[in-house]
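Shared between the two complexes below is chain A, which pairs with chain B and chain C, respectively.
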Partner chain A sequence: MNWLFAPGLFTSAPVHTALALGTVSATVCAVVGVFTILRGASFAGHALTDVAATGGAGSVLVGVSPLTGFLSGALVGAGAIGTTRGRGGHQQEVATGIVLSVATGLSALFLYLNATTSAATGVTQRVLFGSLFSASSSEILPTLLVGALALLLTGVIARPLVLSSLSVELARARGVRVALIGGAFLLTMAVAVGLSALTSGSLLSTALLIGPAAAAVRCTSRLSHALLLALTFGIGCTWLGIVLSYDSYNWMPKNQSLPVSFFIVVAIVVVYGVCTVGSTRGRRV
Partner chain B sequence: MPDEILSVEHLTVSLHGRVILDDVSFALRRGEFTGLIGSNGVGKTTLLRAILGLQPYEAGTISVNGEPRRRHHAAIGYVPQKIALDSDVPLRVVDFVTLGLDAERWGLRRRSAAQRARVTDMLEAVGASHLASKRLSELSGGEQQRVFIAHALVREPHVLLLDEPLANLDPRNVQEIVALLHRLARDHDVAILLSAHEMNALLPVMDRVVYLTGGHCASGPTSEVVRTDVLSALYGHHVDVVQIHGRVFVIAEPNDATDDLPEHPTLTVH
Partner chain C sequence: MINAWQVGTLAALVAGVVGFVVVLRGDVFAAHAIPNGAFAGAAGASLLGLSPLLGLGVFSLVAALLLSALRRYGQRDTSTALVLVLTLAIGAALISQSPQIASSTYALLFGEILGASSSSVLPLLVLALVCIAAVLVRWRAFVLSAVTPDLALARGIRQGRLDAGFLIVVALATTLTVPVVGALLVFSLMVGPPAAARLLVTSPGRALVTATTLSLTVLWSALVAAYWTNWPVGFFVAVGSATIYLLARLITARR
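Up next is the complex of A and B:
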């Protein structure tokens, strides 16, 4: 199996760290992603990934960990988007777009400052496209804790979240505090985005948040099955991406690995394509 | 009054400075089918929202079982006008009806055998057992209404409010849903209040009517409300109530106080 598992893969400490961080990230993204699709909040999720980039770029300037930077950016973005949610419809989308634009502008500024004033190299690459093999093992525990909290919160609000996603009016009639549930879900989405940015960079993190979930809902009409499938797809694509990125060291003429995020995204797209073709042929799990 | 489950007394609601409902009073009784009739924009949905606790009101009282209505009263079930569903929503019919048991509760919970049996029974009661495994977004209009009714009734409310459930249905589905609701009202001893702008489909089953116009209402048994003298007093000018081949027509004369009189009398079909 050396054609798939290159020598040294299973003993490499950076690979172990990448697998640990990637698994946590993919798990949280899979669960949150299914509810993101249920709520039709994919655009908000995408906006959060761009705001997370601001945090990631800023983290190098102020000297905090990338996880802290991405999470902070995503949480600030969630707060900004949350304050505009009550407007509804067109106004809401416009406000989200403005938040996204401001964040992108700030990202450009921070990346420029990193390139011109900081001694750190490859910051732009890491922030935008991720660099999972250079992540520190000290990030594993905080990633695990933050991810567990996000999953716990999602489980706590799951039932009112589903109902308010289907019909705000019906949820309000049942006594669901729609604004509170929506705000709590934005928090979990911010955490998922922050973690996925760590894995695949802010530009490609939407793929990990939405892709496995989107593929899963094509295959099944059961929410529980969609969650399980999204987990399988997300974790599987992440592990495959890590393995192929490690292997690619031997493919390239200058012995330079191709980005993990590239392989993860390609794998997700393939899975989504297969699921879409399968669903149009009437298959259901 | 015996079996009176919900009472609305002297309700007044304003929106954006305009009085929508003015001194509206009526009562619902268990096992009875009441039609909330009025043209578009007259305040039917506003009235339903006020009963649900979603719309504040300036005056009046709303009581359930003789007690002031608490917000989100468990005794009141609700079927909204329309739920737009994306085709990819991963939710089966049986899961949506199950959600009706306790959707507002936090946390994850495994369903008991009794709860699962209740969901099965409710799907059968609305004639949707064969749809249990189907994706919610793949249902037709009539099928969706049955499932939404099951979702609302699975908690065994005493009152069921439906906001224009017949609006987007073809005549055959209208008949089937009306007959279903009539049967459910009797079998489950539920007071049903169904809003519609067309009352003819409800005439065969309607026990009472709450007729709204111009912010005011007339309520009572259908035969006592849908009459020339009652509706003329309600409209504030003369109207004729005519029945032709089992259909009711309300023919309104132009208001004598206006200078701009149309050439022909205004015809309102219910």
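Up next is the complex of A and C:
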């Protein structure tokens, strides 16, 4: 089994931390992701990750923990996107784009200031692309708590959320407060994105949010099955990514291991590809 | 600095014209995803010792083609998000392999005046002309299919091919603008000024001219500001674009 599980994989403390953090964020992302796909809110989800990056870059500058930075960034982003909601169509997309561009501009500034004021190198890479193996084990407990809260909130709003995603008119007629539910969902999306930014870096956290859920929705049209499948895909890809990244230290000529986020994303894209091909074949027959 | 000025002006002209089509089609996400493919290309080219411009061009074209293929099978947003993360992940893997690239990551993502001055003007000029010509040739089709899709269909405009052509033009425009404002901020130049122009002016032709003027204004002032403060160009471009958009909203809200 050495070819898959390199020596020392199961005894390494960073790997344990990585597995714990990765599992929590993959779980939250898979569940929230299914609703993101249902609502067609991939762009808003991605915009949130970039605002989370701004928070992450800011956290290094101010000196608070990355989790706090990513989460507060994503929450501010959710607020900004939420205030531009409800216009619909192209206007909405443009407004989200403007929020996204201001956030990216600010990250550029924060990262620049980080580089000029401190001697710490690699901050740009860590914030943008993630480095799960260097995460500290003290972040496991807060991550678990925040993740559990996000899942709880999703559970509470699940029914009205599905209804208002499928038909706004029907939801209104049933007495659902559509704007409130939409706002609460943005909040859970912000938390999911903040958590996965910790795992795979803010630029790639979109992958954990969108990928497993998109693949799952291709395979089944039942919500409960889609949730289960998304969870399996998300957690599976994350574990595979961690193992492969650990192994890659031995593969590369200069012993420069490839990043975890790279493997997670490739695994997710492969799963999506297989599900897409499978589902289009199935429909044609 | 003169070189940066020339490249920057070309980039702003192209971003204004192509960005107008981006806003017209409401495809902001694609304009954000394709430049990220360009980022991976530039990283790969410097790993192999090739010209970064070549890497930028090839990878953004590949990203555009992949995107238009995926969109035939799935939701527009979902396919875009997946292409975005895939190309970014390849970029991340490439920069992890070489400390030299890692140190230039920042310039690639957020733009630097030096990045602009190191690329030659002539190939960029050709690219810019091709981009603008492509948009002008298909102008009627773009406007028609954005404003009244049914009429465009009746006129025999093929949506799939138009979409692919649009993504390729975005890829070319990306190659031009990434060295100046950086991969992550190309789209802010493509979205802010054209969106403001569309709010202010109703006629498509005049809005196109307004969009180009506004994006030139944003880029020129960003270059000056970056030159004086030494802060990244991308930051000023993003703030400038957002300011212009907000001003346009305020003006139209008052009417």
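In this section, the second predicted complex is superposed on the first by the 282 of 285 C-alpha atoms of A that agree within 3 Å, B and C clash if a C-alpha of one lies under 4 Å from a C-alpha of the other, contacts with A are read in each partner's own complex, and residues count from 1 in each chain.
What we mean here is this: a residue touches a chain if its C-beta (ideal position, glycine included) is under 8 Å from a C-beta of that chain, and two chains touch if they have at least 3 such contacts.
Just so it is clear, the model here is predicted, and its values are computed rather than measured.
**Q** With everything superposed onto chain A, say whether chain B and chain C fit together or clash.
**A** After superposition on chain A, chain B vs chain C: fit, no clash.
**Q** Of chain B and chain C, which one touches more residues of chain A?
**A** Touched residues of chain A are more numerous for C.
**Q** Pick one for A:S138: touches chain B only (first), chain C only (second), both, or neither.
**A** In the superposed model, A:S138 contacts neither chain B nor chain C.
**Q** If we overlay the two complexes on their shared chain A, which of chain B and chain C does A:R172 touch? Say first, second, both or neither.
**A** In the superposition, A:R172 touches chain B alone.
**Q** In the overlaid three-chain picture, which partner chain does A:V156 touch, first (chain B) or second (chain C), both, or neither?
**A** A:V156: touches chain B, not chain C.
**Q** Looking at A:I37, would you say it contacts chain B, chain C, both, or neither? Reply first, second, both or neither.
**A** Both partners.
**Q** May I ask you to decide whether A:T83 touches chain B, chain C, both, or neither, giving the answer as first, second, both or neither?
**A** neither
**Q** Would you sort A:A226 into first (chain B), second (chain C), both or neither based on which partner it touches?
**A** First partner only, chain B.
**Q** By the touch definition at the top of the document, which applies to A:A216: first (chain B), second (chain C), both, or neither?
**A** After superposition on chain A, A:A216 lies in contact with chain B alone.
**Q** Minimum CA distance, chain B versus chain C, superposed model, integer angstrom?
**A** Least C-alpha distance: 8 Å.
**Q** Go through chain A and flag every residue that touches chain B in one model and chain C in the other.
**A** Of chain A, residues 37, 40, 214, 218 contact chain B in one complex and chain C in the other.
**Q** Chain A touches which residues of chain B in the complex?
**A** Contact set of chain B toward chain A: 52, 54, 71-72, 76, 78, 80, 83, 85-86, 88-92, 95-96, 99, 102-109, 133-136.
**Q** Within the complex, which stretch of chain A touches chain B?
**A** 34, 37-38, 40, 155-160, 162-163, 166-167, 169-176, 214, 216-218, 220-223, 225-226
**Q** Please output the residues of chain C touching chain A within their complex, sorted ascending.
**A** Residues of chain C touching chain A: 23, 26-29, 32, 36, 73-75, 77-78, 80-82, 84-86, 88-90, 92-93, 95-97, 102, 105-106, 109-111, 182, 184-185, 187-188, 191-192, 195, 231-232, 234-239, 241-242, 245-246.
**Q** Give every residue of chain A touching chain C within the complex, in rising order.
**A** Answer in residue numbers: 37, 40-43, 45-46, 50, 89-90, 93-94, 96-98, 100-102, 104-109, 111-112, 115, 122, 124-125, 128-129, 201, 203-204, 206-207, 210-211, 214, 218, 252, 254, 256-259, 261-262, 264-266, 268-269, 272, 276, 280.
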